[in-house]
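The following pair of complexes shares a single chain, chain A, combined with chain B in the former and chain C in the latter.
Take a look at the complex of A and B:
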């Protein structure tokens, strides 16, 4: 089915945006030439390269932020550059971390037949499975790839089950089981301890009940489920705030780069 | 008359100190445990690297007493002998719950793990390193030789552990006096050999629940095959799927299905692929179009298979286009940039973000929201759920994601698994409530000096993870 055409911006808005882009580009180039003049005119290759690197990084950062206004050709170009660099980086990493040390060096560059034999014993089956994955290129003969996928998914699932039981069941249950109070503690400490442990118990049990799918949540079950969702929302709120703080630190890092590396502002 | 009383007091003080130093109690004599309590054995549940040595705690030994454990590979200790020093107040067997459980008698035993191959390591050969400008073949040779030597060295250590008996003698010292553990007038020597064990007993609390729940799930799968009308409560986010699909069909726009970053092995991604299959069956019937955004080749290939199967089952194999299931980008923020860009340019009518997400979740969901698309998200990454809740129209929280594929497909295997998981939750709730009651009662009983309390407290070790 053909897709519906997308709305286009009005011609007046397009003209305003082009003018704004030209002005911003001029300001950016002017600011870069002014603030990075020391590096650009240093006369050394290293100094010039560093200054150019900073200017390019600042430009790419600002273009990425331009998406906050709306999609634009600069963003599209940088997005494609980013995707290309990401893919290229991934390819190089795969070569250096997997193909070269695990396939090329021990098999293609095997120093002796003995070494080749011992390498093939360990790596033969995984390499064969890898080649079977490549059969997906052909639509007609892609069936061997399914064996590779089946083995990998089974492997992952098998590896995952004990880890899941360990991490999400044993550790959690062990941490949640605590005495309600410590004999001999002060009345205030006992009161606080009982309250804390009851909150933990009620929260855990009600959240578990919220994820119970075999019963309709009505009557008393609805109340328990409601309590569970309240606990979930409280924890999500805390998690939200915590993560936003971490993201702000990323923004601070970029602003720090723009102010002190690109614009060469004196550090306080 | 004393001219300066301060001098007199100082002199008296020095005399008193000297008297205490000369006539004070000598350092405590070291005491030895009963000879029959000194034992050596293969450490259970390990890979054959360690021998356990134990002896009874002697209550009279103070902290300045040190036990000296002598280790040799010859029975008469004629060869090389290594010494291991253990303070008389430390090294209790009860600290080794992982290997020896939480039995009360372990509190009255000293214990030491001895690693024979570390004490008497085999000789390691040096592999000559090639020069900086050596050829690739020479470097490959070096790499091969080094790995071969490492393998040989590990093999030698294993062989040493497997083939060598270790002999142990015990003595105790306070720094000046040393007493030797004897049996019948001769120094007591015990021996043991490290062996690799087939079974890791301390993982039983992992294996047994896995086996029990597997049986429960298989039982429910059989039941679900006989009666597929097993009740599953309504999941709000999934009912919205029809709404999203209808909107996409009406608007003539595509649906985006964003998988997230995890590999196909992730449970969330497997659940997402199941949901994708069910969604595509309806997409094929409505003659709409779904575009799947993948970050790993494996997920892409599995998604292609699933979508193709769904179109075929819906009777529309001609409508399947493998190019709609694309590998967008392998890197986290590259993926975000590419998917975000496509969202803005193509303005899909609906966006499903289902799978495992990390820091990219909020950026994707915000971008999707800015396009006006109806957004349905689902993830088991609990740190990302808040972002989806705030930016998406419907969110499948945690396990709802796993339940969703069963809810949509009514597939007996998934229905049975879901019912089995519910049984698991009942067991967990009971374990929490009963466990807390037992531990509370145990703590109180211990405070009243009632021995049964310790038994109740030790019950908690059943769920202790190692």
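Take a look at the complex of A and C:
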């Protein structure tokens, strides 16, 4: 997307930004050298590596936040680095945690013919189905992958449908249908329970009605639909509040790291 | 559509909007940093949902097995690592046997560090294989849970360190998921309501507690109401509550003041923005 006219940097502004970047880099390196001096001069490989790791992590964190000023080459570089590291880490972990123990060691590095035979009996078909998925890379010869997909879909449908009905429908319906009066409960508890049950009932019915499109929402139906919207809005508000909390928590995590790990402030 | 909006806004107004945006962004980290720098403490009162998980673990006999499914990676470390450490501390304190596994291989290194550091710091006499087990990761998602329903040592024939799990002291009374005394699933996405409730606890009948990022918490309330999970530790706030309950205030508790300050700041922004919008609309109407 082209930048807005005001976002396009003039040459003067570019110079100011470069100078600011150099100053910030100098401050960052100075602060890193000062606060991480113990680790860097520890003389041990582990200590030095840890200090360098903290400095790099702090630098990358600050570069990521530079996006809040505006998009810049440092941010782009770190963004791509993140994707690359994630992919590389994923590839290595997939090899060590899945392919090597599940395929290579039992089949290729099988200690005996007997072990190979039993490994092939148990793992042969799944491994073959896995390889058949790789035929998707060819348009002409992709047909074997359909068998793998058919088995996967059949398995998940067979397992998933009854489980989904039980967990997400029957259990939830069961929880929504509760007696208003609990035997032996105090008057206050009964009063609160009745209120809760009525709110659950009104909320469930009105929201379900709001998503019922076979009838035009007018007259009394419009009122019910409006009540449904209110319940939905409250739900969206709660979700938004929790989302703000989550995002702030991530920022707090980074601030905590910068203050206590990078700048070595003593923890309270 | 945005281009039309830009053309109707004057250069001065656009410059002002960009400036305001940057000021808002700059102020947020400052607002978050102030409580840390001034060491402001704002301990909260633990919520009933968090307390429930704490009391569930407290009620277990020494030697009981608690399955930890740590389904998060460093991206959610800020929220989920503190509650992991707090729950592990409680397990070690009560002589429970935590069995740690994950569906997210990208977090495996972090999980290993959390488990080892907590064991070393809080219970140096605890030994891997005898008092706790790091099972690690197996590919398959739901299939792994179903396989564990048949046999845990069958699904994880070796632990993370490559040791044979069959015959390990920590797993001696555990054949399958039916023998698990409690499962605590700490997840950053999908594995609580997508895997552990439908394929795990509903099927094999073990109690399950959920720890999650704050974003996920509203989606899990219906499962608590239906008693499919016993409680919810939601986000950093839930982690702080758990630390208070365990009696070991740590990272999450010290972050609560920053969280509260940031929330006040956001609430202030929402109010100011609404007033501004209200005034703008009113002046437009007058025009």
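We take it that the second predicted complex is superposed on the first by the 231 of 268 C-alpha atoms of A that agree within 3 Å, B and C clash if a C-alpha of one lies under 4 Å from a C-alpha of the other, contacts with A are read in each partner's own complex, and residues count from 1 in each chain.
In the analysis below, a contact is a pair of C-beta atoms (placed from the backbone, for glycine too) under 8 Å apart; a residue touches a chain by one contact, two chains touch by 3 or more.
Here the structure is a predicted model, which is why all the values come from computation and not from measurement.
A.B. asks: Once both complexes are superposed via chain A, do chain B and chain C end up clashing or fitting?
C.D. replies: Once both complexes are aligned on chain A, chain B and chain C fit side by side.
A.B. asks: Where does A:243 make contact in the superposed view: on chain B (first), on chain C (second), on both, or on neither?
C.D. replies: both
A.B. asks: Give one of first, second, both or neither to describe whether A:251 is in contact with chain B, with chain C, with both, or with none.
C.D. replies: In the superposition, A:251 touches chain C alone.
A.B. asks: What is the contact status of A:268 with respect to chain B (first) and chain C (second): first, second, both, or neither?
C.D. replies: second
A.B. asks: Touch test for A:259: chain B only (first), chain C only (second), both, or neither?
C.D. replies: Touch partner of A:259: chain C, not chain B.
A.B. asks: Mind working out whether A:82 is in touch with chain B, chain C, both or neither, as first, second, both or neither?
C.D. replies: first
A.B. asks: Quick check for you: in the superposed arrangement, does A:140 touch first (chain B), second (chain C), both or neither?
C.D. replies: neither
A.B. asks: For A:166, using the defined touch cut-off, is the partner it touches chain B, chain C, both, or neither? Pick first, second, both or neither.
C.D. replies: A:166 sits against chain B and chain C alike.
A.B. asks: Tell me which partner touches more residues of chain A in the superposed arrangement, chain B or chain C.
C.D. replies: Comparing touch counts on chain A for chain B and chain C gives B.
A.B. asks: Taking the superposed arrangement, what is the smallest distance in Å from a C-alpha atom of chain B to one of chain C?
C.D. replies: Minimum over all C-alpha pairs: 5 Å.
A.B. asks: For chain A, what residues appear in both contact lists, the one with chain B and the one with chain C?
C.D. replies: Correct list for chain A: 4, 6, 86, 89-90, 101, 156, 159-160, 164, 166-167, 171, 174, 235, 239, 243.
A.B. asks: So in the complex, the part of chain A that touches chain C is made up of which residues?
C.D. replies: So the residues of chain A touching chain C come out as 4-7, 65, 68-69, 86, 89-90, 93-94, 97-98, 101-102, 156, 159-160, 163-164, 166-168, 171-172, 174-175, 235, 238-239, 242-246, 248-256, 259, 265, 267-268.
A.B. asks: Report the residues of chain B in contact with chain A in the complex, numbered from low to high.
C.D. replies: Touching chain A from chain B are residues 136-137, 140-141, 143-144, 148, 203, 205-207, 209-210, 230-233, 235, 251-254, 263-267, 270, 287-289, 298, 301-302, 305, 328-331, 333-335, 337-338, 340-341, 344-347, 359, 362, 382-383, 385-387, 389-390, 397-400, 403, 407, 418-419, 422, 425, 428-429, 431-433, 435-436, 439-440, 442-444, 447, 460, 463-465.
A.B. asks: Show which residues of chain C lie in contact with chain A when the two form their complex.
C.D. replies: Contacts found on chain C: 6, 11, 14-15, 18, 22, 25-26, 28-29, 32-33, 36-37, 39, 41, 76-79, 105-106, 108, 136-139, 142, 146, 158, 197-199, 202-203, 213-215, 217-218, 222, 225-228, 234-237, 251, 254-255, 258-259, 262-263, 266.
A.B. asks: Please output the residues of chain A touching chain B within their complex, sorted ascending.
C.D. replies: Residues in contact with chain B: 1-4, 6, 64, 67, 70-71, 75-76, 78-79, 82-83, 85-87, 89-90, 101, 105-106, 109-111, 115, 133, 136, 145-146, 149, 152-153, 155-157, 159-162, 164-167, 169-171, 173-174, 176-184, 197, 201, 204-205, 208-209, 211-217, 232, 235-237, 239-240, 243, 247.
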